[in-house]
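All chains are identified by letter, namely A, B, C and D, in their written order; residue positions are counted from 1 within each chain.
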Amino acid sequence: MSNPAIDAAFTDGPAFIPYLAAGDPDYDASLEYVEALARGGADVIELGLPFSEPIAEGSTIQGAIVRSLQSGMTVDRYFEFVTELDVDVPLVCMTYYNLIYQYGNEPGPEPFVEQAAATGIDGFVVPDLPAEEADPLREACDEHGLDLVFIVAPTTDDDRLDRLVSLSSGYLYVQARLGVTGAREDVSTQTTASLDRLAEYDIPKSVGFGIKAGEHARDIVAGGADGIIVGSALVDIIADGYESDAPVEETAAELESLCKELTAGALEGAQQH
Amino acid sequence: MSETDTTFGDYGGQYVPEALMPAIEELTDAYERYVLGNEDGFMDEFRERIREFGGRPIPLQRADNLSERYDRDIYLKREDLLHGGAHKLNNALGQGLLAKYMGKERIIAETGAGQHGTATAMAAAHLDMPCEIYMGRRDVNRQRPNVFRMRLNGAELNPVDIGRGTLKEAISETMRDWATTVENTHYVIGSIVGPAPFPAMVRDFHRIISEETRRQAREQYGRLPDSVVACAGGGSNTMGIFADFVTDSPFSTAEDSNTAADADVSLFAVEAGGSSLDVDEKRGVAPNSASLSTGSEGVLHGARTKLLQDTDGQIMESHSVSSGLDYAGVGPELAKLVDDDRVTPVNVDDDAALEAFHRLSQEEGIIPALETAHALAFLETDAELGEFVVVNVSGRGDKDLQAALEETEQRDLPNAPSMGVFDE
Amino acid sequence: MSETDTTFGDYGGQYVPEALMPAIEELTDAYERYVLGNEDGFMDEFRERIREFGGRPIPLQRADNLSERYDRDIYLKREDLLHGGAHKLNNALGQGLLAKYMGKERIIAETGAGQHGTATAMAAAHLDMPCEIYMGRRDVNRQRPNVFRMRLNGAELNPVDIGRGTLKEAISETMRDWATTVENTHYVIGSIVGPAPFPAMVRDFHRIISEETRRQAREQYGRLPDSVVACAGGGSNTMGIFADFVTDSPFSTAEDSNTAADADVSLFAVEAGGSSLDVDEKRGVAPNSASLSTGSEGVLHGARTKLLQDTDGQIMESHSVSSGLDYAGVGPELAKLVDDDRVTPVNVDDDAALEAFHRLSQEEGIIPALETAHALAFLETDAELGEFVVVNVSGRGDKDLQAALEETEQRDLPNAPSMGVFDE
Amino acid sequence: MSNPAIDAAFTDGPAFIPYLAAGDPDYDASLEYVEALARGGADVIELGLPFSEPIAEGSTIQGAIVRSLQSGMTVDRYFEFVTELDVDVPLVCMTYYNLIYQYGNEPGPEPFVEQAAATGIDGFVVPDLPAEEADPLREACDEHGLDLVFIVAPTTDDDRLDRLVSLSSGYLYVQARLGVTGAREDVSTQTTASLDRLAEYDIPKSVGFGIKAGEHARDIVAGGADGIIVGSALVDIIADGYESDAPVEETAAELESLCKELTAGALEGAQQH
């Protein structure tokens, strides 16, 4: 039942999964930036659809969301954005449930998922949708052949883990540490513990929350991860470029270069594993 | 609602990050055992503390001058007399104590008007627990005395600089703290909002308002009221006083249990009409906080409920002269009761609330919170209130003196007192 | 004291202008009939109003954290929970109602901290009577929230620019108003001071504190306390909680009547030690308000009592960090009880009071009035307090936030919270 | 039992009784001012001993008291002042009870009265001492041959009046209106009512509170008063002189001239009576 494009991303070595908020800091620049991720080696792209109350995000991604919304991002523009995007990488839409729920004429996730599928989205990550509330979205995703990726947290106990694994498709999002998104200086010891616990499950495990540099990527993949998810470290580059009014190509190049570093780190880790 | 149900009809639920779900399961378990089951005498201890520390029972007072004005018997449920100056302590103390029973070492809370923050800070000091409060920067500025009070009680105060700096942002930020510290920390949410079991649990800590009101109404008036009126922000004082009029209470004794006649008690939830009920979709701004009256179904802060949102589902900025009502959502249980026609949602605007603030101050010698002033303003209505009306005076206005005076100055209210004495 | 006695031993009396004497005779008559004799059910109405409007009974709360700190059972009589935030309403409502029974059309009052003024303004609004309050200019400035509250309740506020602009001057000025308007006006004096029958009458309206405390002590602790501690400015909260421990009450039933064992209850009246107990005779300044501890017998504001005065008999300027204690006199009954060794006068200085203010706020989640903080500070004493101690929490500190913060900033207190959050 | 000097003041036509606070605005000037009263025709002088809490005074006399205290007036200085004063008029000490009560080694009025008598004081008016509390002072006055003057107010009922008349010696101080001291523009109708009520009593009746000009004096004496008491109108002259730094002789002359106007008014009234 899982999406073949996303499955494919995990077949050939560790997957590098960068995140950016669509429309950050504005629509046109954001197109360039997302394309730079692909050039940098992205295997999957998590493309954020900004929501006004992002309770799981740290200040970096909150900043991205504010910039995007202020420059006019809406749900319809997001779908346009996806359509216009020239990348050959599967896309996972990362957003909060209310936007999915409101779309279309009747409340419920189906219209949004239908439109997402039509536009070329391959899956979803919804940080405020735990297993308990996921049935309607899971069904709609199944109907339209999209993955629904669940997040596994350090606090998730074994019972919940079983349930999440059984609900998840595409990959598991392994939250590297407690807290909100944001780049950190080190690799959490919680990460290794989580990966050990997950080893028995036959689903790709992508680790996110706090990864910033190639060496983190390396250590995490060496610890058993099948993919690494990096958001805030990339958003920081956009924020810096935006603050300093840097040319779009310059920021895009920096993004591409960090992606390459992370990809290389992940590869190195895979060799150590 | 059954003990394991997380919803109120279509509303409610648990829309929170996975990282929080284990804590919410643990909380649900603790709620069922301690609150609903009185395990280890939890509810006995809660009742004793809210009596001795909080000052319950709280009187139901006949307002002689308002009664004359409206030609009905107006009774005031005087939650303004609860320690801290608002109903909020019922819940803050209840959750603080529950956190202690659960072995948590720290509590956190959001606050809008600062009443929930001060109540939580007081409860934390009383229970000897470290406490941190998140408060929007704008609210920090317009509710200064409450800010001082929280610090005096030893709570850390974290101003939230995101967005417009009001309750919505403070809740989001507290959830972020909780997502980080969930293992040793309990989030004392301040109204009947958030993921299950919060809405039911917060209601159950406030249910004591309703219990007392029923008993007092019978003792003092010989029967239940024709209507009960309460302001609604999140809706905790509202459900607190409505609870036992809506359905049987797990605490009510047979003698006091609800009868068919209770359905005759009209329940009015008064929202902040702000400056207007119209919304500005483009700017994402609703110049009011009337989510029951004008909102639509959606998911915010962990629950499905009625919201002020644009067509995409982005949450709007709400507005009200009173910080404590200035919120784009409302408790899911109230949303359900409104859909069921059990609760009537109404609203009054900023001007009417300010007038009612001055009216109660001058005519009854009680300075109400600006939130409460909304409930009082509704007494000017043409609606069928009946002979015997109870208004929940959810809080006192000490925290609002500065704001009320400034807002009054900007208007031409018929009953504003002159403050000229201060210019001398 | 017999019903017609105007003195307490050598203290008390009626040292007022002849113009006021007929009103004082009329008041004495009304006091005897309505208050002592419950004529026309006056006391029943008073008790009902103080219950419903005021929120009585007021809890006696065990302070767990202080009890641990002092290794005794510390109980707090929570007058801070009375409507308005201090014990003052007992008296203001009582006198306001009495004025109504007497057919008076207007009430006036002095105020120091503003607590008696706000209580009187509230009572006046509640009873629908016009009201004017006199308040020293200095107090107007240091108790701003209370000034707003009085105006919001519809009272006229008259700042008094004479002298140092504190309570002493406000009382003198209110007496001048009364001397002019005595025919239709009642002067609601704010403590157990002034000419007879005021000291006894004000005590009798506050006696309910003592009644409740005795009953609650027996119910909750099984016996009467070893000591009762209260701050003393004029001494109304003091005599309010001491009353029934000193002598039989006209209201106490046989069952609750005093026994020999009551004499074992130690009574401590804690005065404001200010910055020092020394006086500056030359400048006529006492940097304290400790008239029981350091004053001498004299006549002020209608009564013979203990005073801060120079050798000529000129009244000194008193000083205290708390406006409500900042008075050069004290109730004559307290002076007598001190001479009789029934009440022990003690005092604590400004610094100790501020520390106690922060201590209660942080450790018990109750922000006390600065007046009350003096009583709390005395718990740090070496004196023999016994196992079971009751402290009268005469009021809450909301009125004092600004003053407490400013005074704290000027000192190096071990337990002052940082207020840095506000500089951001 | 009454003091012969004061009695004498009422034998020869209406008595003019001015009041000043001793030491207002300072000791030396005040000596001049009091002597000016005598030159202006004073039959008795009420010489105020300033007390810090003058509850019966309006703002004019409060001002006098503040000036006097600030320039160093004390009880001992007051007695010196009386000794030094060069006037041939009986003196009534007007003060509040606490100063009388505190003087000397034991509390109680006797030491003060003894000293007052020795210094040449002839009587007392004590505004905060009603009949109820007057016994000790009455006794001391009797012992030393001094008068004790009681105030009769518009609110005084007949029972109280009997008692006050029986306690009073020298004269009765008839308070012309309710309220505190202070000069007014008119004669209160309460005054005439009071005088009518008092007509039957055989004691001199001096009216005070609010008398400002010769015509008031005339009307009051015409209404049956045996004397007029004037304070605030005189103190106003001192206050004006003090504010404008006028020479002492100029102020003294003004005082003398107002006294003469008042004396003349009183005389005129006596002829009308």
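The criterion applied here is as follows: a residue touches a chain if its C-beta (ideal position, glycine included) is under 8 Å from a C-beta of that chain, and two chains touch if they have at least 3 such contacts.
Quick caveat: nothing in here was measured; it's all calculated off a predicted structure.
Common neighbours of chain A and chain B (chains touching each): not present.
Centroids of chain A and chain C (each the mean of its C-alpha atoms) stand 66 Å apart. Centre-to-centre separation of chain A and chain D, using mean CA positions: 96 Å. Per-chain CA centroids place chain C at a distance of 37 Å from chain D. Of all residues in chain A, none touches 2 or more other chains.
In chain C, no residue reaches two or more other chains under the touch definition. Taken together, the touching pairs link the chains end to end in a line with two free ends. Contacting chain pairs in the structure are A-B, B-C, C-D. Those residues of chain C that touch chain B in the shared complex are 51-53, 55, 58-62, 64-65, 78, 80-81, 83, 85, 121-126, 128, 145, 147-149, 151-154, 157, 159, 358, 361-367, 397-398, 401, 404-405, 417-419, 421-422, 424. Within the complex, the chain B residues that touch chain A are 6, 13-23, 162-163, 168, 172, 175-176, 179-183, 284, 297-302, 307, 309, 311-315. Residue ranges of chain A in contact with chain B, taken from their complex: 51-58, 62, 69, 74-75, 96-99, 101-103, 107, 127-133, 150-157, 160, 164, 175, 178-180.
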